[in-house]
């Protein structure tokens, strides 16, 4: 097996008096889909932000593919193969869906000090971008501005942008946020497909999705890990049920 | 360099500093709380100077002149807040910049229409016309001392207002969460108008005090405005304490620089080079200061908590 | 604005501009050649600002500085008897690019209002520097004895020749601008304006691209400055006054930012308006101010926006 693809040890972050992340440790081998669950305000997004490089932890180590990445800025981590999607959709609203993805492809296609050829018709970008849109079932909306996409389509675009950077590890922050049952089911199918080729860290509230997809689950409460393990074990875990899933009173 | 000369210049610097503080305080409150860039703040300074100088000239009463200046600027301030700024809250900074730039053009021209293109004479009121011996053998203009006193008094008053009164608490709350304060039933529009009115009065006070020292002319507020922005950027946007520290720092550095840089440089360079380099460097000094501060602390010296 | 429409509009505009000297000679009003040379120079300045402001979202409130650097490059070299246009324009470009690099390197580490203020402050710094250096005239300005010489190829003593040189450069910069904003580089700049956070997340080191755009913009404006020096044969610190920077920004917004053609139209509109108003009343600024206010509050997308809106209403979409 060797070293895990992502190894987090003792991650800690304070915001003034608030301890947002409390000695969080994770070990994620390549190919695993690792879910992080927990009540609202547990600090899940904060952990993702630290893994992605948006926030600097106060202490702790983050090793990706054996490399210490704690002091690397977000764009460098992206180059290393770490991609992230946002909980609140964060795309380029004025660009079309295709342009959005093409830009993500462009980020990993060498430098961008090219001033002459129009990017809109650059086949080196459009080819891979169209493929990605196909993968997330957005090919039909390629020419539409991102601003007019439906919520579910925007969430799919979110994932597509992360995919387009050719990552080894996907950090997905509530991809199904605000989705109805149909869209959610479609997203689960998509994630199941992606699972085959990528390592995924998934934050989600949709428990059906989590237990359907996850190989391993970590439960975060008040910034602390209270349990890590296989989905069934977590489901049965007493502390987890108390804190999050709802204690099952028998009798 | 005679120590008394240094003292005199330092006091001048302090005086410029408190005048800058009056401008900066209003600006930082308005920006910190309403997130509004207001270039027309300099126009309120100008209006204060014009009204005071003109009323003093025509009536001979300094008290009346001060009252007219403060009241007049207040009216204008509230008028533009209601008519223009309410449409600008929440909009792009660029929009605010350009809209208030339009206001500057308008006001600069209005004072030319009302009082003509030549500078207005602003007299020092009789009771402040003399000199005071701050140290034996060191006379200093009473008027400038009065400015320093007024400025520090206002600083104290502002500090008290913001940290020890209910209104001040609302101001600080409004700064961090406008929607929530409004949801709590506080009339946020009224609060904003009050804050703006306060800022306008401070600007007018600064302007009317500046009248006798600087020229009362169209556009006099523009340079001061930029300095005030430099001050609040150095001090930390939204922080009164930062504005005070930064404005005194800027005032002293600028004044001492202009007074002593040339002679200082002349000791190491030729007099001719120093004559050019001295004033040039002196005029750039505060911007170099600003760049340095921002390099090490991009949010300014005292960024209000939560930023 | 759709590509075909933009091309048509641009071509029409340039042809009209090319016709001005003819019309001017026909009606015996050489003044209009001067006026429109000036307009085109500011059009170049405005379009250079649009690159970073309209497309890049970088609100640089000190753009007139580069106008001044370009103009002073010509003025100072001429002062020392160097009248070779290639050298003068070369210095104008080089100096503007260098200053833009230095200012950008510091300013682009900040954002929002801090960015605006710091660019303004640097602009003031350079303004005061030029006021206090008396060797080159200080506040009174510097007279320039002769036009830039281009090895007898172009004789700038003839106002019509100067006019066409400016028109040629405007056309060139417009074309270059169109290419840049559609290129990969342009997409990075526009992406950074749209969503800088996302740009970092997908792997773009945006600082270096924004700085490059800043430098290109400054250099273009420097060329405008060198042309201005040739038009007026005079340069003074007032070119770099912060209200000048404000005016250039107004031209960009008035015309419609983020379109390159818009700022050109904006420059025409602003300066024609200024010319028209000032012949009606000496107090034209009292009218211009409220007009500007009105535009910002109600017609933010400028002339281009109004034209696009009108088309949509008449069903041409």
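We call the chains A, B and C, going by the order they appear; numbering starts again at 1 in every chain.
Definition applied: a residue touches a chain if its C-beta (ideal position, glycine included) is under 8 Å from a C-beta of that chain, and two chains touch if they have at least 3 such contacts.
Predicted model, so just to flag it, every value in this text is computed and none were measured.
Participant: Two chains share more C-beta contact pairs than any other pair here; which two are they?
Facilitator: B-C
Participant: Please find which chain has its CA centre nearest to the centre of all protein CA atoms in view.
Facilitator: Minimum centroid-to-centroid distance belongs to C.
Participant: Taking each chain's centre as the mean of its CA atoms, which one is farthest from the centre of subunit B?
Facilitator: The most distant chain relative to subunit B turns out to be A.
Participant: Provide the C-alpha centroid distance between subunit B and subunit C, rounded to the nearest whole angstrom.
Facilitator: Taking the mean C-alpha position of each chain, the two centres sit 31 Å apart.
Participant: Averaging over Cα atoms per chain, report the distance between subunit A and subunit C in Å.
Facilitator: Result: the chain centres lie 43 Å from each other.
Participant: Cα centroid separation between subunit A and subunit B, in whole Å?
Facilitator: 49
Participant: Flag every residue of subunit B that touches subunit C in the complex, lowest number first.
Facilitator: Touch list, subunit B to subunit C: 31, 37, 84, 87-88, 93-95, 97-99, 101-110, 112-113, 222, 226, 229-230, 233, 237, 276, 279-280, 282-284, 287-288, 290-291, 294-295, 298-299.
Participant: Please name which positions on subunit A make contact with subunit C in the complex.
Facilitator: It is residues 52, 54, 73-76, 78-79, 83-84, 86, 90-95, 99, 102-104, 106-108, 112-120, 122, 125, 161-162, 164-165 of subunit A that touch subunit C.
Participant: Applying the document's contact rule, which stretches of subunit C touch subunit B when the two form their complex?
Facilitator: For this pair, the touching residues of subunit C are 53, 59, 61, 106, 109-110, 112-114, 116-118, 120-122, 124-125, 128-129, 131-135, 242-243, 246, 249-250, 253, 283-286, 288-293, 296-297, 300.
Participant: Inside the complex, what are the residues of subunit C that reach subunit A?
Facilitator: 179-180, 182-188, 190-191, 194-195, 197-206, 209, 212
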